[in-house]
Amino acid sequence: MQPDRLAHLKQDFSQGFIAYCGYEAVHAAEGIFHSRLTLRADHRQQDGFVHAGVLATMADHTAGYAAFTTVGPDERILTIEFKINFLKPAVGQALACRAQVIQRGRTLIVSEAEVYAVRDDQEKRVAKATFTMIPVAAARLQPQ
Amino acid sequence: MQPDRLAHLKQDFSQGFIAYCGYEAVHAAEGIFHSRLTLRADHRQQDGFVHAGVLATMADHTAGYAAFTTVGPDERILTIEFKINFLKPAVGQALACRAQVIQRGRTLIVSEAEVYAVRDDQEKRVAKATFTMIPVAAARLQPQ
Amino acid sequence: MQPDRLAHLKQDFSQGFIAYCGYEAVHAAEGIFHSRLTLRADHRQQDGFVHAGVLATMADHTAGYAAFTTVGPDERILTIEFKINFLKPAVGQALACRAQVIQRGRTLIVSEAEVYAVRDDQEKRVAKATFTMIPVAAARLQPQ
Amino acid sequence: MQPDRLAHLKQDFSQGFIAYCGYEAVHAAEGIFHSRLTLRADHRQQDGFVHAGVLATMADHTAGYAAFTTVGPDERILTIEFKINFLKPAVGQALACRAQVIQRGRTLIVSEAEVYAVRDDQEKRVAKATFTMIPVAAARLQPQ
């Protein structure tokens, strides 16, 4: 993979909902993507923990960009389905997410993501997820 | 379930991340919860579709409040894990979510949620998810 | 769908592992398949309940044949992934499984299956599963 | 964990459905379990591949015994739910499965399993699964 393609994907990472929530790209390599989120009150649920949706969104988007590193510039990635386990309630100053492609098939890509709560520079794994994704020609995507 | 408890849950629904994203409660009954989201550009991903994380968050939170209707006021609901299938790319003016508890066990609650994209008053089912949740005594939850 | 195609699928259902375990087709219609298993000691786990693998296999195979009813005779169905929740420990004289296709997309098929334990003619739902499946041209499948 | 407890679990592994299918324990350590299956025609599906149910059963049972190594002798393990991705069609002379506990919580245990097809002494990973399990006091289990 070209370094400028990886740089492009890192820049491309934060748009729309992702930019709105504050997720940022940290690292990209072939089949790998890392991201980070500085936590705010806006990310919490009713009991003060980070909302499961914040963790799931981060895992999904980071795993999607890990998949992006394995396709050409004319292809997009759609999530077919995912499954996420919440291992511990998440509290801290930030979240870190590390995703990797575990299977690059002819039609489908399977990737995994782990999310860590960062508290006083200590990381705790708080969620783990598995994703099935599909590369689609950009020309075929027309949201309207 | 007392009507005032259901009214309380509907009011309680939109806090923190959920309020930030704009999700709103629509209907609550024993084991059932419905919600709605008016779509904005902030909810989209890089190709213009609603972000998978927006759908997943809505499904999770609505399923969680469906579970809430089956426990007492001193209990909270945590999501253990969920699995979501994205059936179609989501476009439209709004999302509607309908969740229900399908199993109320001694220790765990299993619920389901469907998310619909609403476009010109027509609904299309765009995601379906299954959740395993656990009721926890409020006193045991201390995010700090 | 032609009646003889449905009859063929019902006959085709019990082969290899499925015949070995004793699962039988009961009903087939467009997007729908039902099956049954008469329980024996061989289907139990160490505590006397029906083994989770017996339930998962039944759900997978029945959901796969529900998907089969939506493709042509030259196509086969492969399971990409599934998720199953075990709602209650299963005991009884038989299992009944009912599966249906919930989304027939261009590339993928999503189906669901519910498994019931039958005890003294009463059914209890003991498992529910969601499947992502892919139709593949028979000519492309070469297990050897 | 006592060596004799691990030896007991290895011996305990093959009962009922597991013995009927031919799965065998290979290795047990704290939070870890490995198993093996010599493949026969009885394990295949209609296209000649190993049936998804054979892979899922092996993953579930091996992950369950990995969880068993983390509880006392008076506790049993029940599978709450699992999710499995089938990464490649499985062919070969045997299957190998390696499972490990990734989270040992107060109430629940999360474990993972990978299944490999063994062909001419070469292993290919064909499935990966995630499990949520619950330890239950043996005295509370009465399948009847």
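Here are a few things to note about the model shown:
Going in written order, the chains are labelled A, B, C and D, and every chain counts its residues from 1.
Here, a contact is a pair of C-beta atoms (placed from the backbone, for glycine too) under 8 Å apart; a residue touches a chain by one contact, two chains touch by 3 or more.
Worth saying up front: this structure is predicted, and the values here are computed from it rather than measured.
More C-beta pairs in contact connect the chains of B-C than those of the other pair, out of B-D and B-C.
Among the remaining chains, C is positioned farthest from chain A, on the basis of C-alpha centroids.
Between the Cα centres of chain B and chain C there is a gap of 29 Å. One inter-chain figure worth recording: chain A and chain B are separated by 21 Å, centre to centre, where each centre is the mean of the chain's CA atoms.
Centre-to-centre spacing of chain B and chain D amounts to 33 Å, using the average Cα coordinate of each chain.
Contact of a single residue of chain A with at least two other chains is seen at positions 80-81, 83, 85, 132. Judged by the touch criterion defined above, the protein chains are all mutually in contact, each touching every other. Across the complex, chain B meets chain A through its residues 12, 15-18, 20-21, 41-49, 51-54, 56-58, 60-61, 64, 76, 78-86, 89, 91, 138, 141, 143-144. Only residues 80-81, 83, 107-108, 132, 134 of chain C touch chain A when the two sit together in their complex. Within the complex formed with chain D, the residues of chain A that make contact are 83, 85, 87-88, 102-103, 105, 110, 128, 130, 132.
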